[in-house]
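The structure appears right after this line, and notes come after that.
For clarity, chains are labelled A, B, C, D, E and F in written order, and residue numbers in each chain start from 1.
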Amino acid sequence: MSEMFTVRTIYEDKARNYILRQGKANFGQGSLAHDVLRAVSLAGVVPQEVYSGLLPGQKRYDHSEMEAVLKGMLDGVLKGKHPSPYWPDAFRAVLDVYMQPVPKHFNYRGKSYTPRTFAESLGISPEDYISFTSFTHHPFHTSFVLEIPDNYSNGSYYNLPLDELVSVVDEAIAKGYTVAWDGDVSEEGFSARAGLAVLPEDPNRSDLFTQPGEELQVTQEMRQRAFMNFSTTDDHLMHIVGMAHDQNGTKYYIVKNSWGNIGPYGGVVYISEAYFRMKTIAVTMHKSAVNGLGEEN
Amino acid sequence: MSEMFTVRTIYEDKARNYILRQGKANFGQGSLAHDVLRAVSLAGVVPQEVYSGLLPGQKRYDHSEMEAVLKGMLDGVLKGKHPSPYWPDAFRAVLDVYMQPVPKHFNYRGKSYTPRTFAESLGISPEDYISFTSFTHHPFHTSFVLEIPDNYSNGSYYNLPLDELVSVVDEAIAKGYTVAWDGDVSEEGFSARAGLAVLPEDPNRSDLFTQPGEELQVTQEMRQRAFMNFSTTDDHLMHIVGMAHDQNGTKYYIVKNSWGNIGPYGGVVYISEAYFRMKTIAVTMHKSAVNGLGEEN
Amino acid sequence: MSEMFTVRTIYEDKARNYILRQGKANFGQGSLAHDVLRAVSLAGVVPQEVYSGLLPGQKRYDHSEMEAVLKGMLDGVLKGKHPSPYWPDAFRAVLDVYMQPVPKHFNYRGKSYTPRTFAESLGISPEDYISFTSFTHHPFHTSFVLEIPDNYSNGSYYNLPLDELVSVVDEAIAKGYTVAWDGDVSEEGFSARAGLAVLPEDPNRSDLFTQPGEELQVTQEMRQRAFMNFSTTDDHLMHIVGMAHDQNGTKYYIVKNSWGNIGPYGGVVYISEAYFRMKTIAVTMHKSAVNGLGEEN
Amino acid sequence: MSEMFTVRTIYEDKARNYILRQGKANFGQGSLAHDVLRAVSLAGVVPQEVYSGLLPGQKRYDHSEMEAVLKGMLDGVLKGKHPSPYWPDAFRAVLDVYMQPVPKHFNYRGKSYTPRTFAESLGISPEDYISFTSFTHHPFHTSFVLEIPDNYSNGSYYNLPLDELVSVVDEAIAKGYTVAWDGDVSEEGFSARAGLAVLPEDPNRSDLFTQPGEELQVTQEMRQRAFMNFSTTDDHLMHIVGMAHDQNGTKYYIVKNSWGNIGPYGGVVYISEAYFRMKTIAVTMHKSAVNGLGEEN
Amino acid sequence: MSEMFTVRTIYEDKARNYILRQGKANFGQGSLAHDVLRAVSLAGVVPQEVYSGLLPGQKRYDHSEMEAVLKGMLDGVLKGKHPSPYWPDAFRAVLDVYMQPVPKHFNYRGKSYTPRTFAESLGISPEDYISFTSFTHHPFHTSFVLEIPDNYSNGSYYNLPLDELVSVVDEAIAKGYTVAWDGDVSEEGFSARAGLAVLPEDPNRSDLFTQPGEELQVTQEMRQRAFMNFSTTDDHLMHIVGMAHDQNGTKYYIVKNSWGNIGPYGGVVYISEAYFRMKTIAVTMHKSAVNGLGEEN
Amino acid sequence: MSEMFTVRTIYEDKARNYILRQGKANFGQGSLAHDVLRAVSLAGVVPQEVYSGLLPGQKRYDHSEMEAVLKGMLDGVLKGKHPSPYWPDAFRAVLDVYMQPVPKHFNYRGKSYTPRTFAESLGISPEDYISFTSFTHHPFHTSFVLEIPDNYSNGSYYNLPLDELVSVVDEAIAKGYTVAWDGDVSEEGFSARAGLAVLPEDPNRSDLFTQPGEELQVTQEMRQRAFMNFSTTDDHLMHIVGMAHDQNGTKYYIVKNSWGNIGPYGGVVYISEAYFRMKTIAVTMHKSAVNGLGEEN
């Protein structure tokens, strides 16, 4: 699947939201798992081979100028009193320049598709997925719009007590599902290079990534406090693909990262349960992994 | 019901949203029908006799200084890197000064209540209400988060073709329900003083409010264009309580306004169907008025 | 000739200048006569029939949103340290959306052209034209870069004493040449509706445009003072096509305006010599009209 | 004495000043010795046991969020044209949240007091104190309002030649009085950790705090220049409690700091006479220490 | 006396204050009576014949560009960390350009003076004057620094109950003294053209300036409220030179204005006692008019 | 020649340009070679002995406060709608304070001069000089206004292919002329201390300035790219006075710098041809060194 096709779709969606809310909204990089699904609903899917989003000669993505240009355009539109009907075309034209145009039709493994028909052929159905979180400023066992800057599309999350959130993930993994993880990786205890994420009692320990040590006992209240004072913020999206235990019996989630073949496990990070409890913003998974939990709302 | 109790509750909710989204959100006056219901969920209801929100000697509400003070506080909080746990108390303390504290317990018609138990006694159940709108930038017969500045709480609206939206309202009124109306009243054709809202073909007609005249034939596309270019914006909340027809057979909605006893009909405005089709942002009504429409989503 | 093709070309040229000067330059609407010639050098000419610059359904130009969008883009580019090579394409793509793409090849009266070959076929040679002005803050009979906001391309003007400037224009007209005029039309004494521009001694005279009256005797020093204190600013470009005298012997220039068929003379304005002396910023004409004047520099 | 009670009082006083001067004044942390006395006049005194200004669980003061919130409130008030009478209550309510409310009445060593009656019982009489400084931009032996950002309350200082200023302090100490010192401690030669403040000829000396060395000979003119070019600024308030001399006969003032038990002398700093001459902004002492000096003005 | 010499002196004094307070102060036009006396102390007096402050050809003062230029300079100085010793000379040089240089020595009626010796010859002694005001936010019968934007020099005012303030002025006038008046003249009831200032009960009365009518009974509290909510602000300085009564016995102060020969009384305005009580910011008079009142403080 | 006399002249010229272009221009430090010649045209020349531009006691130039003050003044002028005729005098008065006034007449080696007559006596004729550059965004063998922030005076440069530019400089040097060089010295490979400027293939080589190594082969296109993405910017002006070759046959230009006696060659820097090709913005030389090249335009 072409990640850049999703990125484009989300930019267009954010732009419309930003204009219609008259600039009282977030416009910037950063997406959540449910935005990826939303992008499928909005525009379908394209194979990576068909759309890399790279310009001739480019090796890696650098969207910083593009983002500043797009933001400047939208703020220009909002300087007038009445947006014209032309700005969305201008916005897309700039995306085309910086990210290549997307083919409306393409051939893949001998068949012809549009992005939407390709999505259908894959059987991805965004409404089959559900997102969970765990915070006390809304009642448990109800859904709410999570108030973080990146949730521009105002997706709803089903709220669970922390222990239940852990159970739901563990059961999904046990059943063989993978789980999308939104959380905070800009922490002392997170090291892609070491392939490890821990929440040590003593964050200044010099052997943080070489020796198992005591971790914090994370309560619902500690987690809430860290969220309310911005110690925990959303900054990355990864995939939980399995579980493991170390010699002391500490449970770790096996998590696939998108930063390339880094660290001893080929780009995989082992996240301890303590880290997971503190630094998870939300998880998203297939509804069949949870037997209808969260559906009633 | 105390309107000011609702206003307070919404201010507190907006403040939390504004802080958690790190200022990338709207904080200001202006609420939608679903916010009123949300306020009931969050904090309950208080009778007007128990809480007027007026200070000794005050006759009318003027929250402009209070709003600027509250906004200044929140921006002050966001200047630091980590919000303290104290700011919500400070925020409430300022509300108490400008709007009086709310009693935690009160007696009403001989019984003792809290705001929540009073809400329960009234049998108001926010989840029994549903909101409808009609725009083409999302698929019909699905729910979506309406992208307008005032929708700070990101309420979902069930999207209907324009003719269906009219039918749904007409049927609800016919069944005896009232309907909350969010829409645009800052138009040439709207006059609280005349008790009339029309969408004339010729908006410069001098006898706009004294003589029936030709109105625009509002299509889905005209409505969409006016929304996308900010000709239609949300700026008021009223209650549709009935229907009427004039001598030419033009249909009008009978709408109760909250601006006091103004105009020939004691504060009631007759809104023509054409005006309704063009200038309605959304309507909210009891689910039992619509037989489960919109529930599936 | 397509005016909008020239406008586009100038926007692209201004954009490059604005970026390379790191924002220390003017980017906005407004061009001078020499910019039109510069545009021919840079990109050639296209017939009006081939490129109107109007979108389907548009009747008149309104570039205000486009200008704000373009300015926002460029400021976005300058937010980064190193402009990418892609922004000029993005800039052009936005012009294409708001003004239509320009055909690279086109047929005109049975022949195939590019903009450049079409310019050549017309025999327009920008270096055959020369611009004159008259200000005392630079020596006369030398060229200098006129310091006005619209002179973004920093064109040079040959500086003449005021009386000589008048003679040069009069002689050119007498020889049958037309003269491009850059000047100030936002004055009490200028009326496109009356087809008249005068510089009355008493600007409050009620019969300004119906009765000839005393005009100011404009000296070099008055003209200079008005320029230095921004009483005279550049805001319009028109074409002097002839001369006339009224019953009192006052000389007028016959000037073609581009605002359509306005006023008693079908879009022509009679500009009095006094007005010309005070409010002319510069004139541009074919070099053969001036026998090599200004060439030595 | 409760320092935080004084801090609160000064915040309220600064707020009124800031509003009445329509924002053309300083609002921020930082007070001078005379502000402490002014606070006694305005609101009295409270024992530390009665009011710590700490919230439950707090160990140390951190007023940065509170200050940003208070500033935001006041700027909000000034956004309107006419301040309401309510803002001072709102301001106090926020102080109460961040610093605890102050008891209107309290018991202390078996007696009941208000802050004012407690101040009276202590016999503190602000008008018994006088402040001295030494600068040449005002005549000596007169009082003037010292123009530094922190002097928001515009206290007057009696101006003495530098040598007289030193004598006045020396005599006061000799008589057994203590002297409040406002001055600059953000200097290379000041070290709370070393308990020493010197003004070395060579500020890069590595043995600055271990070995006595040559100090600058501070003249009135050097002192003035350092003040006028912001090399000397007011940033701290301490108490001079005695004098001492080192092995070379250099005179030091023994100064009590409020930063806790730091350095070899338990929180006391030895300030050399050279440092005192250069870096003293002002001193404040009891009038009886100076036999009426400065009274005539 | 040259008013412009005073204006210059105050500009220089404000500039020093603005720099030393690091911009946390007011810099702009507008002075109070005590500033005029302060200017005499700082720089002396010059006769109007010797220094008009007008440039060759100028008829009236227009300091708006000069003020913007001076403010720009000072803000430029504050952009650096350490003001140089040169900026005051640069500041004065700009004053010299816009207002002419002041002669250091001059002849007046056959004698040679400096500004200071001239002031001495006139026997003006600023310390012989005292200012009174009447506000309840400071204790009566003490002096305080009046918190208004124009009080940049932080002059002290002796605070009197409103009735005493009136008595003090009445007695001074009765003894033959004149009284400088700082107050608010931008009020409906003030008309320089009518030579009248009244405080009508009904400010919409059409015969405000032609017919005596009911005026407000101004209490101390009304006066305070108008001050605290910026209804009363300082904006003008005039001279009370006498008293009068109308046919109804209403008392008026006879006040000389500096706006030239306007109105029926040749530039004099009759200010009613009600207006005086409400709109007076402060009065300044010779100490001998008040028998030492206010001296104790 | 007094460098500071030139600096002053350029400041005055920049100021006029900044005002007349209503702030849409660059005002700051930094000049190009042609500005120095322009300054001679505008105001003449003064010997260094006659005008150092240093104030009594100053050893080195520090114009940062002056520049901020001058910029503040000009922005103050532009706040008004109509600049007065006085601001240029005020601007010059400030230059006089920070840089000393320039004598209108002076004696030099027994003769009396004005700056203009002195320039004439030296036989410097600005129109005898010509500037060359080499960029592909304008056609070769034509002149164009180089779009860099420092080119405030919009000087024209004759555009040559890179190899021709090198030849022109080499020939001029061979004929015994010196060449003014505008270019970029804030590069890893430039070291005034080593007296060397190179463009290494590997910029991280540790022996960059001690050992000859491979340099980049600079093409026209590499040079253009570095200019368009701001890798090459104009930041210094020096004088090429000769040529040399190292042991490997690499060609170097011998360049006199103005930073004093730094490095092994007494302030001279050896610039390799590769560095010259990449980092030269422009060169300026006497027309007789180039046999009329560039004259035709």
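Basically, a residue touches a chain if its C-beta (ideal position, glycine included) is under 8 Å from a C-beta of that chain, and two chains touch if they have at least 3 such contacts.
Bear in mind that the values here come from a model prediction, so they are computed numbers and not experimental data.
S.K.: Give the chains in contact with both chain B and chain C, ordered by label.
M.R.: Joint contacts, listed by label: A.
S.K.: Taking contacts as defined above, which has more of them, C-F or A-C?
M.R.: Here the pair linked by more C-beta pairs in contact is A-C.
S.K.: Fit chain A onto chain F over the CA trace and report the rotation angle, somewhere between 0 and 180 degrees, nearest 5.
M.R.: 120
S.K.: Given that chain E and chain F are copies of one sequence and touch, is their interface built from the same residue numbers on both sides (over half shared) or different ones?
M.R.: same
S.K.: With residue numbering as the guide, point to the option in C-F, A-C or D-E that repeats E-F in over half of the contact pairs.
M.R.: A-C
S.K.: Taking mean CA positions as centres, which chain lies farthest from chain C?
M.R.: Taking each chain's C-alpha mean as its centre, the farthest from chain C is D.
S.K.: Between chain B and chain D, tell me the centre distance in angstrom, where each centre is the average of that chain's C-alpha atoms.
M.R.: Inter-chain centre distance comes to 53 Å.
S.K.: In whole angstrom, how far does the Cα centroid of chain A sit from the Cα centroid of chain B?
M.R.: Roughly 33 Å, centre to centre.
S.K.: Name the residues of chain E that each touch 2 or more other chains.
M.R.: 83-84
S.K.: Looking at which chains touch which, would you call it a line, ring, star, complete or other?
M.R.: ring
S.K.: Once the touching pairs are worked out, the chains link into a ring; list them from chain A, going toward chain C first.
M.R.: A, C, F, E, D, B
S.K.: Considering only the defined contacts, which chain D positions touch chain E in the complex?
M.R.: 16-17, 20-22, 24-26, 81-85, 137, 145, 147-149, 151, 153-154, 225, 228-231
S.K.: Which part of chain D faces chain B closely enough to touch in the complex?
M.R.: Touch list, chain D to chain B: 55, 64-77, 79-80, 83-84, 86-87, 89-90, 93-94, 96-98.
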